[in-house]
Amino acid sequence: MTKTVNVALIGYKFMGRAHSNAFRQAPVFFPELPVKPVMKVLVGRNRDAVKAVADQFGWEEIATDWHEVVERDDIDVIDIASPGNTHAEIAIAAAKAGKHVISEKPLANSLEEAKAMVQAAKEAGIITLCNYNYRRVPAIRLAKKLIEAGVLGEIRHYRGAYLQDWIVDPEFPLVWRLRKEVAGAGALGDIGSHNIDLCRYLVGEPVRVTAMTRTFIKQRPLPAEDMGAWGSSAGGGMGEVTVDDAAAIIAEVENGVMATFEATRFALGRRNYNHFEIYGSKGSIAFNFERMNELEYFDGTQPTDRQGWSVIQCTNAGDHDFIDHWWPPGHPIGYEHTFIHAIVDFLYALDKGEQPDSDFLSGAQTDAVVDAVLKSAEAGQWVEVERLS
Amino acid sequence: MTKTVNVALIGYKFMGRAHSNAFRQAPVFFPELPVKPVMKVLVGRNRDAVKAVADQFGWEEIATDWHEVVERDDIDVIDIASPGNTHAEIAIAAAKAGKHVISEKPLANSLEEAKAMVQAAKEAGIITLCNYNYRRVPAIRLAKKLIEAGVLGEIRHYRGAYLQDWIVDPEFPLVWRLRKEVAGAGALGDIGSHNIDLCRYLVGEPVRVTAMTRTFIKQRPLPAEDMGAWGSSAGGGMGEVTVDDAAAIIAEVENGVMATFEATRFALGRRNYNHFEIYGSKGSIAFNFERMNELEYFDGTQPTDRQGWSVIQCTNAGDHDFIDHWWPPGHPIGYEHTFIHAIVDFLYALDKGEQPDSDFLSGAQTDAVVDAVLKSAEAGQWVEVERLS
Amino acid sequence: MTKTVNVALIGYKFMGRAHSNAFRQAPVFFPELPVKPVMKVLVGRNRDAVKAVADQFGWEEIATDWHEVVERDDIDVIDIASPGNTHAEIAIAAAKAGKHVISEKPLANSLEEAKAMVQAAKEAGIITLCNYNYRRVPAIRLAKKLIEAGVLGEIRHYRGAYLQDWIVDPEFPLVWRLRKEVAGAGALGDIGSHNIDLCRYLVGEPVRVTAMTRTFIKQRPLPAEDMGAWGSSAGGGMGEVTVDDAAAIIAEVENGVMATFEATRFALGRRNYNHFEIYGSKGSIAFNFERMNELEYFDGTQPTDRQGWSVIQCTNAGDHDFIDHWWPPGHPIGYEHTFIHAIVDFLYALDKGEQPDSDFLSGAQTDAVVDAVLKSAEAGQWVEVERLS
Amino acid sequence: MTKTVNVALIGYKFMGRAHSNAFRQAPVFFPELPVKPVMKVLVGRNRDAVKAVADQFGWEEIATDWHEVVERDDIDVIDIASPGNTHAEIAIAAAKAGKHVISEKPLANSLEEAKAMVQAAKEAGIITLCNYNYRRVPAIRLAKKLIEAGVLGEIRHYRGAYLQDWIVDPEFPLVWRLRKEVAGAGALGDIGSHNIDLCRYLVGEPVRVTAMTRTFIKQRPLPAEDMGAWGSSAGGGMGEVTVDDAAAIIAEVENGVMATFEATRFALGRRNYNHFEIYGSKGSIAFNFERMNELEYFDGTQPTDRQGWSVIQCTNAGDHDFIDHWWPPGHPIGYEHTFIHAIVDFLYALDKGEQPDSDFLSGAQTDAVVDAVLKSAEAGQWVEVERLS
């Protein structure tokens, strides 16, 4: 008999939609899941807006106050998809109430909050997931597999960059992602953290960093109403941008790896370029999320006259993680599938009673790198990354 | 008050899953749909297998005999996702019963059957859709828009190729797609028809063809049990391959366009390479479904020192069809979305009482081209394409 | 002691410059050549123009009448780089005079002329080269090597296309390449022949063809003065285009290979896209001259989770033909190098007294395919290719 | 009447060959040059080796002692293509003797030497060129043109990387490029300096840097005989690598530009990947020398539904610098052409009596950035770049 867990999701905008769809689709395409999610409650402050999304995706109920929901006996899992400044309070309350907790990334807006969340989760003995969703891209799972099998040999370089361009226009309004009190950090926290997390996932822990951040446009029009990161229209007056527009980082990483990271929202022409290159002594790989179904691979052990960068389509059932649940070779999957895969992994983790890959501790460690970067950029010097445990 | 239509889907394997998901997701991501589908009955001969898929995707009931389902008063739409040899009989019965009908492509295994389907639909006055799903790829919709706006100028060349490699291994078994009595044709009918259809959609009607077909592997192991095109395992004994493995075609197309088409299942390394290039007097475009979110565009009106092939990511809400219902720029959608878009268009067509793009008549016209190709390949001479109306 | 041969070159425009540079550079970068060319005479009808080019490239003398030059005792090699309508007469005279002969491709403007050239060469016992220069691209030599080593397995498909766009503008004047009496054929003879030749070089002989040709622009402005294919300016009045603008071909090739070829000067955005794809049972390759230092290779024998199309940079000394004479890995060579390599091969052939790859017989066989294509396009039926010997 | 200048070239290995070819080819393909070089003397310590190269490329004489050559009255230009530790002494002597001087990059192995060279050149009133050859790639000249015309708008980011892989193998011997006393620096000086120079050329001067360097392999086999950077074979014993294998840099650049640079010889699969991306408020560009004839360009002013990264083939006569002297559109040029273009520019500079782009002062400024990087890497802190004049 299949177990079920009742889920409450907090947040209903961009991330809320992605998570809603994930809960909806996971049991359909992964029918063998040992634990099935029940989409119980969708939570948000604007009742009408929440109601619309709940009806759309099939949530049984809605609520406007997360405090009540966290206390409900019939809720097993709290999934937090609201902005970063809300994560710690909700997650700690949920942990204390004994709920398993998923949090969107970054885990928190400050390292202190992140550590408190880890502590609360540990004390409560719950299963946690900090949703660095790119870890569940089949191409990145192949990268992981190749590295763990030693196919790349000794890793020398991680070159990461997460480039976007959605705020190049100075008339783009001051949405919440541009305000420190809500978002914590700018490009660095929003997208740079993804790239740092992938370095941690694939290569090792950054131990020291030197960095620069930059805010190119200091003031922007105030939005009439904040409708999420995208889709806002300008209201009246101007407000100050209080986060970074761009960050550049050099890092020493465990095991002698040299790493660089760049994050910006001013790389005109890069829509969602989450990119990395990893160079080893026997092989190298490269990835760009805009072509998420592909992994580039250079095999230095091939005969020298036929070595080259291969474009591997990671869509072969049996060969590539998760793909046997989708379509035949060469039939792309999309962005939303990464969220479905994350929920699948989380549900298996619940069943086994073991933390999934990318739990709160891992999410907090990524926050520790971000924290060191912010300190380095401010102080103009190298900063050690705190190692959590 | 929103209208609803009760849907019965016939077929539950590869295409059945894609259609099931489409009915499931269309109203979620397109909540403004004027007509909502109710997933009423899933039909297939193997009760247990049908039941499993029905439970997975949320069909209310199952049935093993399509004849009964077609007659049910509470069914409004019949969707045929079973192999080509079943399309005509089911569709004609459904039309006579007054149901609106969707059919997977090719419309039928012979031009005669296809014409009978068109006739039946016309007499019944129903809405029909022959699901050439690639017409609903946002990148291809952009291609259509550019051509219709005259951006490419006068079109000279259509170069089409749909290349796959899933039967390169001679040990791959004799699945139904390799048997003429079920599939009608081989690579030509299965994938070549898609590419021909895109020529018709974007550029114009082929009027004369010369062609060659080839069957590279004449005999294959009989499958133990046919589990769909992919995933079959070999049983005992050998059987004859009765369809083409590959086809090459030259066509004269309306309006002075010169066209070539190639379809093969022996292009090792091409997983699902549905590719075309269109060359005009002012601009050119190219597309490859393996990178389905991209359209390549050459703008011959730019200053000559900066002309080049542009890779347009067709993921901008507002700019690219359907995309405002999905994710932000640079966040890919996948194969399954093309089916969702097709269902969306069909539901709007039902509401308006007008045929959607790619109705049965259009599907039959694509069959007419395939028919001329087969005749040309057999006779070794140019053959005129019959023009239906 | 190094042998030398005295060379006379006929033609001084686009091809004349390329050949001049090749003679000039070959002994510099291939100092171990057993035979050194002496740049003796440059021949052309316009004395001043010839003089300028001769001075530029270092030809010792000039002449305006090739008949005299062919008879000179001190000339060992006649190199014909003038338009196709002149090849046969010059080559036959040179052969009769006992000179070794190089001819630009196509060997002749008609198959009859080509056969006469082969016959004359055979009777004279001379060394000949028909300069299908792309055979000396290192990437194509790698393709040859892989195929001969059986790395691709059994070849199924050759898909060739040579696409250009230099006459898309209807105001582009009627240069000699657009007149049948000088050029013989249009896109088919000029560039399609290259692609056909590469099929012959790499895969096998076409034995039967069906084809279509098209002339999109029937009349063009007469040029004031013909300055070669490029660089002409319009004079007064209009003239008729008497060659094809585009050709499409399907061919049966030896050994069960299915081939397609396309050649056009109306593929806007393709500057010099000499492209082919070859699909085998174990591996596949693709090439585009616009990226001439790269060969794409798909190795179907790799583990299935990491198969992909590799971009091989064919610039490794020791690994790739000719490259040890140039620059370090990753340092591109260019178009002109293919001519230098051809001269190198020819000079080695002189030393050995053996025909080089692509002699007159081979060039004539390519003409035989072109001839069959023209007949097929005119007659609207399949035509057998004559096999020369 | 054409002027001539007598040239002496010092160095005959990799760079010596590239310069020799440049002097040889410049007057052939640029016949309108106002000043013609006479290839007078080739200088090197190994008489036999020098003789061989001189014969190969057509130098009139050879010499083994540069001191004598520098003093010769009949020499007008001294070109220094020997390792970096020799540049200053030779260049200063040549300047004092009133010769015009070309030096390979980096200008010198230390900033102090570089400044002395600038001073000597200034006092002598000579014309100088520090050969950062990539400035003469047509694609990079197009980049320059677009930026200067304001097409990219306000520049935000320069992302540079010059990646190679020729010493990944720990058995690769300790050639001179790996020894500080000869090469000055490692990847940073050899290739990183090119990328820094392109930032200076295209975007602006770096003013502050923070950096890390790394030597992955500390000891290597001693070479039997140093035959240049490539092609050495191991002798006996081990020696210490005294330069960096890799460097990573963050820089503040004039005009608010944020820059990153990476240089490494350990990026397996990158043969000669001299790469940069420049992001502006209206457009962006990207370049990779491995595809040197292409510039990628994103035009943010196009209609939003058709914006994309364009691959511009920079091979159109009239449109792209230098190209009218070479071949038709789509016919690639190669690495060696950049040297020819540099000599062309230098000869024009001689004629005009004005410094060419990239004179000694400019070369020294690039050295100043390298110097700041080395200091930053050593001190672990931000370092200001000295501004020369």
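Chains here go by letter, A, B, C and D, matching the order in which they are written, and residues are numbered from 1 within each.
Following the convention adopted for this analysis, a contact is a pair of C-beta atoms (placed from the backbone, for glycine too) under 8 Å apart; a residue touches a chain by one contact, two chains touch by 3 or more.
A quick note: this is a predicted structure, and the numbers were derived from the prediction, not measured.
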| item | value |
| --- | --- |
| Contact-richer chain pair [B-D vs A-B] | A-B |
| Pair from A-B, A-D or B-C with over half of its contact pairs in common with C-D | A-B |
| Distance between chain centroids, defined by C-alpha means - chain B, chain C (Å) | 41 |
| Length of the line joining the C-alpha centres of chain B and chain D, rounded to whole Å | 54 |
| Chain centre separation in whole Å, for chain B relative to chain A (CA means) | 35 |
| For chain D, residues that touch 2 or more chains besides their own | 270, 307-309, 313, 316 |
| Chain A partner contacts - residues on chain C that touch it in the complex | 142, 145-146, 294-297, 299, 304-313, 316, 318-320 |
| For the chain D and chain A complex, residues of the former touching the latter | 156-157, 159, 161, 163, 165, 168, 210-212, 214, 216, 246, 248-250, 252, 256, 258, 260, 262, 264, 266-270, 277, 279-284, 298, 300, 307-309, 380-382 |
| For the chain A and chain B complex, residues of the former touching the latter | 14, 18, 21, 24, 28-29, 31, 52, 55-58, 164, 166, 229-231, 270-273, 289-293, 313, 315-317, 326-337 |
